[in-house]
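Two complexes follow with chain A in common, the first pairing it with chain B and the second with chain C.
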Partner chain A sequence: MSKTMTPELAPPRAVLDQDWGRIGRFGGLIALSLIFVALSNMPVSMETFDLIADQVTLGDVSLWWLLLVAGFAVGKEVVLEGMTTHARGPRDIVAGACTGAVAAAGLSVLAVLIDNFDLRDPLINWSPQTLEKLSLGGSVGSGVVLWLVAGAAIGGVGGSLHVLSERPRRLFVTMLVSVFLIAILETVLSDISEDIALEWLADIVYAKRGGLTIVGVVLVAVLSGAYSWWGRVRAQEAKERFQSLEGADRTRGNAIAFGLVAVATVVLPMVLGGITNELLANVGLFVLLALGLNIVVGLAGILDLGYVAFFAIGGYTTAILTSPNRGESWPDWMPDTPWFAALLLVMVFAALTGLFIGAPVIRMRGDYLAIVTLGFGEIIRLLFLSDWLGGYTGAAQGITNIPGVNVFGLTTVKGTNPQAVFYLVAAFCAVAIYVSWRLEKSRLGRAWMAVREDESVAEAMGINTVNVKLMAFVVGAVLASFSGAIFAAKVGSIFPTSFIILVSIVILVVVIVGGMGNIAGVIAGAVVLIGVLGGPKQPGLLQEFSNFKLLIYGALLIWMMLQKPEGLIPNVRRTRELHQEEFLQDAWLRGEIDTDADPSEGGVAPA
Partner chain B sequence: MRHKAAPRTGVDWFLLVLKVAMFSVIGFGLFAFVLQQIDPNNWLAQQINDDATGLTADQFEGLIISGVSQGAMYGLIALGYSMVYGVLGFINFAHGEVFMVGAMTGMITSNKLLEAGAWESNFIASLLFIVMVAVVVSTLTAVVMERVAYRPLRGSPRLIPLITSIGISFFIQNVSVVLLGPGAKAYPDLPDWWTETQTIGFLEVQRTRLLVVVVAAVAMGALWYLVERTKTGKAMRAVAEDKEIASLMGINVNRIIVTTFAVGGAMAGVAGILWGIMFRSVVHTTGFLPGIKAFSAAVVGGIGNLGGAMAGGLTLGTAESVAPLLILEPLGVRGVSQLRDAVAFSALILVLLVKPTGLFGERLSADDRA
Partner chain C sequence: MSERLLTIDNLSVTFGGLHALRNLDFHVDQGEIVSVIGPNGAGKTTFFNMISGMVTPTEGDILFKGESLIGLDPNQVTARGIARTFQNVRLFANMTILENVMVAQHCRTKQGLFGALFNTKSFKEEEAAIRAHGEKVLGFFGSRLVGYRLEQPASVLSYANRRRLEIARAMATKPEVILLDEPVAGMNPKESEELTALIGELRSEWGFTVVMIEHDMGVVRDVSDRVVVLDHGETIAQGSYDEVSTNPDVIEAYLGRPAEEAS
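Let's turn to the complex of A and B:
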């Protein structure tokens, strides 16, 4: 709403008229983060990763970006209608500089501590290089001074972003982020450029020993800057034009966009190398899982923390049916079923498991349900792991020798051929997307959403809540079991350790970060998180962060819940539910709600 | 709480069958156990499990004692879950991590004390010291958690804070990995006197286990005094009953909620030290399973009910220690000790199916019972 009105700006406040408490709080928080980063060994372990050749390493950036964020965040103000808003000025720069200095002071304290005490004992990651890094090459004393100056300077730059008007600010941020992204994705981008015969470009942009060249930095900065300055507005307009399309035009537009994505999905793996295809296949497996969980959590609003159970059921059923190495307790006459035939049984079995786990829990309170499903997930893993059922499931040794997928005698899809695996996963993802999309629009989908919004009301409207929720479990279970079946064929062997609770949580993070209840959001979440950071056991693009990825997942989950519970690409209806109070307030401000009116006369205007 | 006599649906029938099945497994297992105890070679026992040997009195005693001491620990952690659920109405999934932080702090402090030589020369004082440090750190963790993550979410849909707490749990675990490394870390050896057994009447108990039970009892007593006999406790009960009315009565609701988290954190810190003394090893995942089991204990005892939490902890601890050998082994299940955790979760499911309000009744405000 703030966009529609230009508030009258009051003159900027005096430089020393600061909110010192806020500066202290932010500075302290960032200081703690800096100390944590320093003790996590990030600055040292990422020292070898050059972002800009011979100039800037990832290790440096791991500390500096926090200072920049500190300087910017401290000056952030909520613009409220009807309240005086001051123009930005030197005050913001000073605030940023002070915050940066406070944060840097915290880091200096750490440097002094390390210099004087042996912290190695509990804190295993501390090393003499950390101290060297923290004292910036010189003595500890000079390092402290340098850090204070650098902190104030970087914080000041962060604060000065508020002084800039929107367009140059966006220019600066876009340029900075693009350079960082292009630099950090070096390995992948140069791999891809080899595959599509753009090697010469990669040679210009990247230095031989890693990192962007100066030419590369300038090139990336100019291009992204140009986009931010001129292209962004047009892209926005094009997007709005697309969104304002209606009826047949809209359908055609959607079909074209969908066709483009489909063509890209088919063509891209052909030009990409094996490692990238492997990555894409892993992403696909998680897309499938996330789409399934999206139906359970996103549409029906059931928080299932044991979702990995269905993934495990899919994997194990496939393994037992197709592998000649299944446990010794199975009768000898059991044939080695082909994968597609096994899939039918997998579906049936997954659906039954969905019913079995779903039935006891659906009447429970939402939070009890979460813990009990988590318990079921663990019980199923423990049963697969136990010696009791070891004759059937191979216990800790798992089941090996799972043959690949024989596609009509044409080709065999297995782990050694990641491209084929990707196509197989993509086909199943397409099915899952279609099913999710049709279900969302169906009677059942509307019933799920009704149950999610208010169960008692849904029941009063004649929805059989029990059956509807069970259906969510079943559909989710079947989708997860597809993923498990492909996973078994891809890896060729299956162990209980692949099905720990962590997997459930990571899928949950993917669904929530992407946007609960939104198919596109969930897919984007899986691509970004699993592709870039990696899955519980699968490596992602950023190998450097593999030690920190679970930490990042946890932090992301907290941050999303606090800031944007509806996810990055939200579902409109879901957003309304989560921000109901704010929507009502806005409506009240616009005068659509008459609080004095008698509610029985319908005081609330349709929002 | 449905009072209408709904017609039995397929789900009801299924649940009935499930309940009957679970109870008959328990009953049949116990029956088989008794048969084996009478004579492992009698015909019926042979039919059920021909290589069963039954338990000696000493083994049985050992199982009960380890179950009770473990259960006392679950009970201490469960208090935190129960109190927070009573006051705020959501599961603080990260409470298990507060317990882990306590155990980790104890590990670091006790190793430092060992280096300084105080651990052996003055064990009792060192123990008190590490308990103090662990309590302070755990309490701080719990309070910071409330302030940073839960307070901004008050009033949002009830699954939102639950999901946040999963994130926090994940985050704290991995902070520990990043700072302290992923390996298991050992507590220093206890003085010999503590690892020996003590005879009380006809029971022979390892002294560490005795210590665990005594400390848990003392902590429980202190908590009971706080909640039932002090003004703060009265305010806590009032806030649990109805936050709005409580604030109208002049109670600072925010402060009471922080106090609740702090007390729960302190209990978890004590439990962390007890864990360290009993198992002498701690990893970043130490908090996860005990945390979930403690929550189960809180549910088993009736959530919001503090005495129930302790009783639930003892019940669950004993069940998990005894049931595999008492019920599953006689039925011919191999490798029963691997199924301990599965038994604990099954107990939770069983209690929720049969008596969702817990064995001793839940104490929640009207809103949270929905």
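Let's turn to the complex of A and C:
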């Protein structure tokens, strides 16, 4: 947001003129993180995953990257107008090296402790395997020395990033990240390469037993480096050109971009392999859920922590209507409804549930409302699980044998055909996007915004807040029930364990991380979190991390809240709200800030 | 005599043991501009909150065009035709200026889910009408709130313009009575003079009946047909500005009793 400045640079400071306290603090902090990672068993459990064949494993990287971050972070400076800024120099490398060494020393302490004490009881990963990993293959003593050297070296590299000018720095980071990404996405990329007849390329890049080959590393580094050095500037320019478009040009630009995305959505699944399509289908299910929750939370400002209830209602209603295996208490004459016919009833039932849950909940505000919705979310799941309704819902055994979706007799959409599932989900996502987009600019959407801003004033301005909020609840419920209906047909069976509270939380995290109140943001959030990390039960691209999914979710959420609370692709209003002061400053700089003078009189603001 | 629009009949409200308002009798006729004055804590804003349905009175009745407003929600009161502004400006800060006045027409419009989703003809017409009326009420304040400002968030507005937008938002609800809670607070003399003239126009050009809480006696003198003085939740004087301003009870409420009498 803030303007970039080119401050007058003072000569670099002396190498030993360091802020030792800061180095100690950062080093200690990273040391704690390293110890935490080591005791979470990441280094050992990921030992078998080779990033570079026979050279580097994911287990190694789980520790090393923190040292790199340590070296870089310690040299970060906030530059404010009027402050003396020193040129960067060897001092930054030394600072990075020292921080890295301090952090590594902390980790070494853990190695020594594991060697001498036994704490396996509370800490299950206080194990010989961890010790072996921390000793780097040798004795504990040699391990300590090696860690200190490695810490200083990697920290120094991190610190030296400050010395480099912007372009080479980007080059370095892009190369590093690209190699890492290509290495970690081996399974998926191999799968795709088979579908588009590029196996020969995959064979060059990846070693037989997993991991990149040396040739592969060089190839990826050179290509990504070339892009970073020459391509990035052009891409940036194109992006800026696009953003500076106004009026009709902008609308046309948006339409073209939207068209491209739509075409990609249709074409890509044909090219991609089964694994990727399965993944995309899961992402789609969560996009649908997140778009629904976005209306409830993002537009109307109702913090619903029990959103999974409507997902469950959609799933169970579909299962009961379509499966021949529905609970034994249903009458025998009940027909096995086709999916599309069932969908109508699902919508009606979801809307009714929305009203039923919403009516008591909606009269509450803020924290109280959140807690009550949390309760209702669990109540719905427990009802499905209960013996009382067991005859109708199958209790813990769930409902199985749910048939796929018969699309006009042309094809049957079910789990074994992830591509078809994806198209079905994408169609419903398109509906959800259309609904969100239309409603946001309508009378109802404005009323939701007003309620979100200030409920009492909205009511005093003639808005029936109860009705308006109920409407948001119902629209959100119906969208979630679509997702549930597709989920039931995709999986073919449905159990109460699919609708745990974690699902509600993950959907909310998707909305928050993506960008609350922004359709593109919500989709981006689902792609990043569900696609890359995986859903509550669904695997993501990074299957290696599946055991640490919730840890990463948590870390990511904290980082986002600190650095970018408005989300990946933010909503304009929300950004304004969260960065009110910066926004007003910028407006003032652009001369848009309001003075009390009437511009028609050409007057000036009173002093 | 013109039609009696708003009748307050023996109205009382207590918060716990505190009598915020006590046995208030009061009326407003069609086309009047009435000022409510009184020292801080006299119950003026509570009085407004009660008319607009945000506080329920413990006793008494409020009649608007002969019908009781007691028990109605604030949005229903607004729908009947009573709009208000707030003393501590409460705009929808992150909505644009135009959206602020558009959303205030909620109770005068009716397009719902169906119209919005299918972009029906009636939906488009209603949107255009909402927009036109919004721009019309904003235009009441000259060029300050229109033009490029329409699409700016309300948070960039200066203090005086926020007050103007609050009034515009109340006007947008198409009321018959408009309740202004300290409309000129925080404005400089030139601005309050200008706004005083506009308050007159609210009646002459828009046909609104105005009830106004105000501390600025200059403004009260210039626009009011009638002044009501509240103190400790009770009416201590009513009448023209001149009658009220020379009333010994009023002077006492504001300035206290002379020293020799107090002892």
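Some points to look at:
Criterion: the second predicted complex is superposed on the first by the 571 of 607 C-alpha atoms of A that agree within 3 Å, B and C clash if a C-alpha of one lies under 4 Å from a C-alpha of the other, contacts with A are read in each partner's own complex, and residues count from 1 in each chain.
Methods note: contacts are C-beta pairs under 8 Å (C-beta built on N, C-alpha and C of every residue); 3 or more make two chains touch, one makes a residue touch a chain.
In this text the structure is predicted, and so the values were computed from the model without any measurement.
When the shared chain is aligned, chain B comes close enough to touch A:L385, but chain C does not. If you count the residues of chain A touched by chain B and by chain C, you find the higher number for B. By the touch criterion defined above, A:G366 lies against chain B but remains apart from chain C after alignment on the C-alpha atoms of chain A.
Of the two partner chains placed around the shared chain by superposition, neither chain B nor chain C is touched by A:A248.
Applying the stated contact rule after C-alpha superposition, one finds that A:A197 touches neither chain B nor chain C.
Within the superposed three-chain model, A:A587 lies in touch with chain C and out of touch with chain B [touch as defined at top].
In the superposition on chain A, contact of A:L444 is made with chain C only, not with chain B. In the superposition on chain A, A:L16 contacts neither chain B nor chain C.
Residue contacts after overlaying the shared chain place A:V78 against neither chain B nor chain C. By the touch criterion stated above, A:E577 is placed in contact with chain B and with chain C alike. Chain A uses residues 577 to touch chain B in one structure and chain C in the other. Every residue of chain A that touches chain C in the complex is listed here, in rising order: 434-435, 438-439, 442-447, 449-450, 453-454, 456-465, 471, 475, 573-574, 576-577, 580, 583-584, 587, 592-596, 598-600, 605-606. Partner chain A is touched in their complex by these residues of chain C: 52-54, 73-75, 78-79, 83-84, 86, 90, 92-95, 99, 102-109, 111-113, 115-117, 119, 123, 126-127, 130, 142-144, 149, 152-153, 155-161, 169, 173, 188, 190-191.
Chain B meets chain A in the complex at residues 9, 11, 14-15, 18, 90-91, 108, 111-112, 149, 152-153, 155-164, 166-175, 177-181, 288, 292, 295-296, 299, 333-336, 338-339, 341-342, 345-346, 348-349, 352-353, 356, 370. Per the touch definition, chain A reaches chain B in the complex via residues 36, 39-40, 121-125, 301, 303, 305, 355, 359-360, 362, 364-368, 370-372, 374-376, 378-379, 382-383, 385-388, 390, 466, 470, 501, 505, 508-509, 512, 547-548, 550-551, 553-558, 561-562, 565, 577-578, 581.
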